[in-house]
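Next come two complexes built around chain A: one with chain B, the other with chain C.
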Partner chain A sequence: MVVSKSLEDVAVIYPQGYLNNLVGESLEKECNACIGKGIKKIVLDFSKTKFINSIGISILLSIIEKLKKHNGILCFTSLNKMHEEIFEMLGITKYALVFRNEDEALKHFRVAVKE
Partner chain B sequence: MPFKSIPEQNFVNRDAELSYLKRLIDVKDSAIVNNVLLEGTRGIGKTELLKQLYRSLFWQGKNVIPFYYSFQRATLKVAYFAKDYFTRFVRQYLAFLKKDPSIIDNMSIPLTKLIPLFSTLKLTWMIELIEDFQEHIKDGDLHEQLLGAISIPAAVAGKSGNPVLVMLDDFHLATQLYETHPGDVPGLISLFERSMTSTTSPHILTGSPEGALEMIFTDDSFRGKAERMILRAMPEDAAFSMFRSLCAAFGITVRDECREFMKFLGGNPLYIKNMAKALWKMQRKEASLKDLWECYSYEVSDGETAFYWSSIFRGFLTDLQQRRIAIELLMHSIESHCEVRNLEILSKALGIPVPSLKSVLDALQISGIIQTTGSIRPVRDNILQDFIRNLYLREVEERDPEKIRKLIESRYQLQNNATSCFEMTIPMTADAELVAAKAIEQIGKNISLKPLVITQLQLAIIEACINAMEHSGSYDKKVLLKFTVNPERIEIAIETPGKRFDPDTVKEPTIEEKLHSEHKRGWGLKLMREVMDDVKVETIGDRTRVVLIKNIKSEVIN
Partner chain C sequence: MSLELKRILYNISALADLGQEVTSKKNFNEKIRSVLYVIMGTFLAVKGAIFSYEKDKKEIVPIVMKGFDSAFPSRLTIDLAHIESMKKNEAYRLAEDGNPVASDLLLSQLSHAGVEIFVPLWTRDELIGALALSSKFTAEPYSTEDFELLKVIANQIAITLHNHTLFMDLSAQLEENQKLYQEMRLIYHDTIQAFAAAIDAKDVYTKNHSYRVAKYVVAIARELGWDESDIEGIYIAGLLHDVGKIILRDELLNKKSPLTKEEIMEIKRHPSLSYNIISKIKFPWKDVVTIVRHHHERPDGSGYPDALKGEELSDGAKILTLADAFDAMTTDRPYRSKLDLKSAIEELRNCLGTQFDPKIMGAFCRVLEKEIKGELPEPNILPHLDDNFDPSIITSLLEATIKELSV
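So, the complex of A and B:
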């Protein structure tokens, strides 16, 4: 339901299919595990996410809250048009960086590391 | 309860009758008959007309004293009736003098407590009339009690010098007045004759069914003492105007197309009023013709109109076996569309013995449900027909009420070829909402909706289904979805029985608040509203329906 990979101090997580309570719980677990390992830069790539329901949204809020507490950074990538519109409308994008794709997000972090 | 009437502005198309009845007093000294039999089918507005007349006279001044009395089955025993009639008159008279309607229904104050109030008005003759009546009660003289009560309007008119307009609703029930058990002293109704003869207390009498009052007035004691006034169905324009006005009072806008529905209601004010109320109960803000049909199927099965007819059935057909015969008989009459002249043939057709049929037919005739003047005429009232269909399906065929409602609705489904309807039921199990999402995807593809629009519809459906599953508390654990597609819009209705859902109680969530809250849920309604053009929440009986609407404009199509 959730696939992830770690690249140095960045974790990329791919929620798959329908981001509801089940996938959401796995996603939250995965994020918590990353934070536990000291990874505070998390990229959520939605290229394989078909639907995000309101439960999924509430779980994203939990992740945002947790990362904020740990001074972490959350990125959203590969959002489809509707998810992008919804995140914008709900105000979620104020608490996360949005990139077109995973590469752009990673590039952003590399630049940030170099600085 | 003469003040429990509809607002004056909603009472339309009865101006001529109202002003005619008001003028009854003016002709009191002439030789013209000044009692009126107000006749008309059930629900046509006889009671409402009396109440409007009452209200108008009550506030108009002190010239004409109005008195309204509604005969009830529970108070037909002479001892009860006399006291009830007398006390109500006294209260209404006092209320009229003081211009205080609250006195009318305040049954907690006994007659004796009203005496000091008349004393302050210096109406000693009124006190004497009350004391005389109480003497009759003490003596146990039923005849004097009844006479004392019936003649009180004429007595007050004589003493006060102001005429009393007596309005007796459901007067046909007065034929059933009795002393100790029903039928023991037939003809007590004739005692009203004396009161009606007085030119200072004209009477307006209503009764159902049509012709019931005429039968009373062919009796020797009443012959020639009253004229007939028949209250007809409202014309379509007036009916529509009344319907619109009632709906407006409930904050509902009515589309012009709904005018044709008035024909179906037969210009019956009771049905018009009940339909407006039903729309309001279903939380409609705007009513289309389709809404009316949908609302109607509920109204005639479980709404106030059904309750109205049910209470008449219960009142006149107390025996269960009789009731069943009545339902079968009426259903036969509706389906055969013709008058029945021969009871023997009817008996063979229904397999019911003639004596049983006769007894049921009598009850149906008295109740005003059918007319049997020489032959049994089929019920012409569309609404009553559907109510009978509903009873038949429920009590004889034992069908499920929800299915009956659908059956009635489907009888009147709009024959619009451009409209496609799809229905599905999903279980309340994990991810079942995705099945509904898949359905709308295909429907959207069929009409070439843009992929983004399809995804929006899917998201809204998912949210509506989740809400239904989580909050309805539905006992059948199913969600019914109905997709209606026409060239103008897509409507998706998501319906469940169970707990009511009031969207006004849902606080609009904000991200800032939710981020710091333990409870991060509650985005469903906001999401639906964001991606749809309109989201309506309706209540139909114990069912809640969320209706998602997407208008089909050029920008949503490929």
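So, the complex of A and C:
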């Protein structure tokens, strides 16, 4: 449901499929686990996310709030047009850095991409 | 597309999400959690809670919440008059520009805990709970449209909560009824046990006879694959089969010398006396009274009181006949000493077809054999037999009988 990897002090998380309660809750758990381990730079890559509903939005808000409290940084990458429009309309994009893809986000964090 | 239109579309899809969650097959707790998430996602609230109203305590209790810290009150007393003065399912703002506007104690407590929007949830004339939301994530104020939408949503969750409350009330009622039934059942059993003890006490020679017979009939019925309710019924029949003896004179029951013809006639009245007594009772199990009436009938039609033949007798009556005779044989009587187990089984065998039914005898032998071999966790017959029998002799006798009966 949620796939993640950590690269130094950055975690990249890929929510899969439908971001509703089931996936949403495991996404939140995963982010909390990262924050718990001291990783405060989180990249959410939406390339594998098909759909985000209002539940998904409320989960994203919780993640943003939690990171705010810990002075962390949240990045959104690989947003499709629909996701981007919703996020912008709701004003969520103001609280996260948006990059076209994961690599750009990692570059921003100056993490060497090992391929 | 204008921002406003996008916003409307998002709200519509949120309402669709709500409908989907409300009607989903999830259990109530998951459902109501999803509902809260939908609402928080719709209004971009970072904190939210749904409360249910506990009428008897006049308190609201959060059944789901998110984002609030652990200091959030676990229950809050409400001022019903104040809540009633508020509009049903309508959202109220508790703070304006960060300053509390609430005068009511409950509302100022909530405001203090970070609640900005409070919605009392009603179905018709019944307060059912409440919804609380914090300020928006984007720090924007709740708009007029938000208030309109909240009202629609509040109606929806009020119904969901109400349905759940109804269901819980029914479940509680059911549980209470089951508890009462169990208690009644215990009282019933105790009463019958007391009755059986009274019968057994009257006849010193047959002490605990009813109790043992009840145990034996249960063993045989279970071996025959009866269901638990029918087994309970025949157990009761076993306990009560001799209740009619209460009417007979003590001297007659305990007489050592041979009985006269008249005395025998008198004693033979006991099954119908028992029947007359217990037929006034409405038993929750079937056949108890007829089983009792027929426990001295014989398959050859020479029994009493109705001289019924084999096929006219129920299995229950036949089981009780055999168990009753077996206990009579294996205990001392005023006029003779008891038989040993081997002789008793042989006696039963000799009377097959005339006095006892072969099918019932087969089941009796099988269950006794199982008990001797230790195959049954709770033996019903062995613990009551006062006999130093040789297990191997009895086992081979039982095996031979079972084999004979199966041919």
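To be clear about the criterion, the second predicted complex is superposed on the first by the 110 of 115 C-alpha atoms of A that agree within 3 Å, B and C clash if a C-alpha of one lies under 4 Å from a C-alpha of the other, contacts with A are read in each partner's own complex, and residues count from 1 in each chain.
Methods note: a contact is a pair of C-beta atoms (placed from the backbone, for glycine too) under 8 Å apart; a residue touches a chain by one contact, two chains touch by 3 or more.
Model, not experiment: these values are computed from the prediction.
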{"item": "Superposition on chain A - do chain B and chain C clash or fit", "value": "clash"}
{"item": "Touching partner for A:18 - first (chain B), second (chain C), both, neither", "value": "first"}
{"item": "Which of chain B and chain C A:32 touches, first, second, both or neither", "value": "neither"}
{"item": "Contacts of A:80 with chain B and chain C, given as first, second, both or neither", "value": "first"}
{"item": "First, second, both or neither for A:62, with chain B first and chain C second", "value": "both"}
{"item": "Which of chain B and chain C A:6 touches, first, second, both or neither", "value": "neither"}
{"item": "Partner chain(s) touched by A:89 [first = chain B, second = chain C, both, neither]", "value": "both"}
{"item": "Which of chain B and chain C A:51 touches, first, second, both or neither", "value": "first"}
{"item": "Among 99-107, 135-143, 225-233 or 243-251 on chain C, the segment whose C-alpha atoms clash with chain B after superposition", "value": "135-143"}
{"item": "Those residues of chain A which chain B touches in one complex and chain C touches in the other", "value": "53-55, 57-59, 61-62, 64-65, 86, 89-92, 94-95"}
{"item": "Chain A-touching residues of chain B, taken from the complex the two chains share", "value": "430-431, 434, 437, 452, 455-456, 458-459, 462-463, 466, 510-512, 514-516, 520-524, 526-527, 530-531"}
{"item": "For the chain A and chain B complex, residues of the former touching the latter", "value": "18, 20, 22, 51, 53-55, 57-59, 61-62, 64-65, 68, 80-82, 86, 89-92, 94-95"}
{"item": "Residues of chain A defined as touching chain C within the complex", "value": "21, 24, 53-59, 61-62, 64-65, 85-86, 89-92, 94-95"}
{"item": "Of chain C, residues touching chain A in the complex", "value": "3, 6-7, 10, 13-14, 17-18, 21, 30, 33-34, 37-42, 44-46, 66-67, 137-138, 140"}
